[in-house]
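Each of the next two complexes has chain A plus one more chain, namely chain B in the first and chain C in the second.
Our next item is the complex of A and B:
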């Protein structure tokens, strides 16, 4: 593990010494004390993506999810409201729900039978005389204090107060809007099932990589070659695509300049309108003249701080486990009202991030090698300077770099530093 | 005389139960006792019983083998049960574990 720099520099903070404009210190990925501080100041404070409303479509549906290392039960109560409960009995701390999903208005702890509504409220306990009768205890399952959703994406925050979800998302909300705008019904579902990829790497290596346009031509050369995908060429110095710092730690690879240049509907998906005629017809019926623009520009490639990655056709939910371990949950996007495209979404996702997929296996190999690399003592620093020489501000005021620049990483670290110093 | 609807508790369930979560899809029918409604918290079979002069619903708690029959009027009462009353019934100390 690289040592944390101790050289004092006047009034600078610890993170001033670890995070510089053009490089970050290796200990950020290896120091257990920093990981513990991240849990407190990021994962247990800011808004974290947990799941999607479509995973609990019916009243009393529930699914088990993760919020960092916390086991969370996402429920929809009988009135339709979504809750995030901590999966722990208020009596002796036993795990209450064991199935990954189900439908139940109430949950009964298997240890002593304490029973809770799916809102977390204590409903009753066996042999109540031991407590002086019914309704004598003001105890319930723990709850994530704030729960909010945007376009069906459910986020939780352990901070009782703080920025609203809309404030947290900022410009990244527009990218989620772009995704749902590819559905003829203006909404998406995440119901194709989640794959879980255990990854022996620090979560930040993944967050940084998601909008790193420098690696695809190297790491993903095999899938680009096998499939004949035109995507690889989008990530080069000749590309007109840009890397955008969206603020708030969010960033995107905006490939629209390239796709607009080709002006070919469905090129972003690697197909042509004649192969998905029903989808194209539904889009035209829903959006009229604007349908063509949507079908040309395609889906977003956006990293929403700290753990939601929308990669055009699939969604990733990244959750930390330890300093050098995290889990990537991935699922195919399902555009409501687009069954023809959804079948292809699932097939493509299986091919890219499935158990024998050719995309995520490559990335994960790099994450794990990266983690092993940063354990080395020298050199202590990791570069994030690529593109500083050509960075500029776009017409909307966002800092942008070229397709292969580390503009997104620099935005990530700026926000990370602000949270860790708060 | 022993109530035939209440089996000897030491005898346990009267039917084989399919292990794991495979029955939770609601697509399984246990021969002789009907379709199964199951979650991780309870496992109950439901079936129509035609032995009486009019049809009844036969419900069996597959974890204990306890059976209850509900006639049409009782079922209608369940449909009209206020939410609060139903919630009271879910309190484990209301009946089964009253102590």
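Our next item is the complex of A and C:
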């Protein structure tokens, strides 16, 4: 592990010394003290993606989730509101919910039989005379204090006060809108289950890589080559795609310039309109003249700080486990009202992502080798300078770089630094 | 990560409902199979996988093969829910082509592997779409995978469907039509699984 650099300058903060405009220090990935600080200042403060409302479609449905290392139960109460409860009894701290998912209006702790409503409220405790009778205790399950959703994507924040989810998402919200805009019903479901990929690397290596357009031709050359995939060209030196810093730590690989150039509906999905006629008809019925633009431009490739990655037809949820370990949860997007596409998206996702995925297993190999690499003492720094020489500001005021530039990473680190110094 | 929508050619997609799934109750063990030849086949398949003998391993499969490693439990509907692996014959071929490039980094360098297959049971007969009956076999396995990141212990239950069909020289040989591997820990995060399980 590389040591945290010290400096004689008395004015700079610790993170001023670790995060520079063109490079970041290796200890950010290996120092347990920094990881602990991240838990407090990022994962237990900012909005974190947890799951999707479609995973608890009916009243009293519940599913267990992770928010950083916290075991949370995402519930939908009888009135339809979604809650994030901490899976811990208010009595002696036992785990209250054992099943991964189900339907129940209440949870009963197996230890002493205390029961809680699926809003977290205490319902009862056996042999109540020991507490002076019924309804004497003001104890409930812990709750993630703020829960909000955007287009069905559920986020939680452990901070009672702070920016709203809309403020947190900022320009990234428009990318989520783009995704749901590919559904003729204007909504998506995440109901295909989640692959759970244990990854022995610091979570930030993943967050940085999600919009790194420099690696695909190298890491994924094996699968692009044997399948004749045109994807590699989207990330070539000649690509017209751009990497955009969306602010707030969010970034995207905007492939629309390439797809607009081809001007072929459904090319983004590797098919043609005649192969998915019902879907195209439904999109035209829903969106009229704008349907064609949507079908040409396709789905977003966006990293939402700190842990939601939408990779066109897949959604990833990254959760930290330790300094050198995290879990990637991945699933196939299901576009409501698009059965022709949904099965193919499940099949494509199985082939591409998860522990055996023909893309993601290789990304994950890079993350794990990267984690071992940064343990080396020299050089102490990791470069994030690619594209600084050619960055520009687009018409909307966002900094953009070429398809292979590290513009997204620089945006990530700027926001990370602001949170860690707060 | 840079997954775009369709890295796999349409021909490699597995969207047709597998004819061998949900085919009703098992019939009796078909005639003409001995436990010894079944076990020999399972052990050979395991050895070829352990030793990364990709060509010989791939040649074991039938044209209508299905290779399935479900996630999140014993496996429900692989067409509507994600699995760790759900390969038809085309996608098995794609997977093998990728690893043969030598740049499938999750398996380059290859894992060092040894597995034990045991508790072999001849379970019954499963009608196949060719009008014959495949032999369904169950077994447990335990495997140690050694990788630079460390050792992994893998365990699970495998269901095989075996079929006798003419080989290249005309003589009957045993082929693998179906292999489903239910990992004991498939409801939890598992590390990269890039070897032939």
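The definition used in the following text is that the second predicted complex is superposed on the first by the 419 of 422 C-alpha atoms of A that agree within 3 Å, B and C clash if a C-alpha of one lies under 4 Å from a C-alpha of the other, contacts with A are read in each partner's own complex, and residues count from 1 in each chain.
Please note the rule applied: a residue touches a chain if its C-beta (ideal position, glycine included) is under 8 Å from a C-beta of that chain, and two chains touch if they have at least 3 such contacts.
For clarity, every value in this text was computed on a predicted model and none was experimentally measured.
In the three-chain model built by superposing on chain A, chain B and chain C fit together without any clash. Once the two complexes are laid over each other on the shared chain, residue contacts for A:271 go to chain C alone; chain B is not touched. Annotation: apex chain A, arms to chain B and chain C, angle 70° (C-alpha centres, rounded to a multiple of 10). Legend: residue contacts after superposition of the two complexes on their common chain; A:127 is shown touching chain B, with no touch to chain C.
By the document's definition of touching, of the two partners only chain C reaches A:228; chain B does not. In the superposition on chain A, A:97 contacts chain B only, with no contact to chain C. Counting the residues of chain A that each partner touches, chain B and chain C differ, and the larger count belongs to C.
By the touch criterion defined above, A:113 lies against chain B but remains apart from chain C after alignment on the C-alpha atoms of chain A. After overlaying the two complexes on the shared chain, residue contacts for A:348 are found with chain C alone; chain B is out of touch.
In the overlay built on the shared chain, the residue A:78 is in contact with chain B alone; chain C does not reach it. The gap separating chain B from chain C in the superposed three-chain model is 10 Å, by closest C-alpha atoms. Put simply, chain A uses no single residue to touch chain B in one complex and chain C in the other. Within the complex, the chain C residues that touch chain A are 1-10, 12-15, 69, 71-72, 78-87, 91, 94-95, 97-99, 101-107, 148-150, 187-194.
Of all the residues in chain A, the ones that touch chain C in their complex are 100, 192-200, 206, 209-213, 215-216, 219-229, 231, 234-235, 253, 255, 268-271, 298-299, 301, 309, 311-314, 316, 327, 330-332, 342-344, 346-356, 358-366, 368-369, 372. On chain B, the positions that touch chain A within their shared complex are 21, 24, 39-42, 83, 87, 90-94, 96-99. Contacts from chain A toward chain B in the complex involve residues 78, 97-99, 102-108, 113-115, 117, 123-130, 134.
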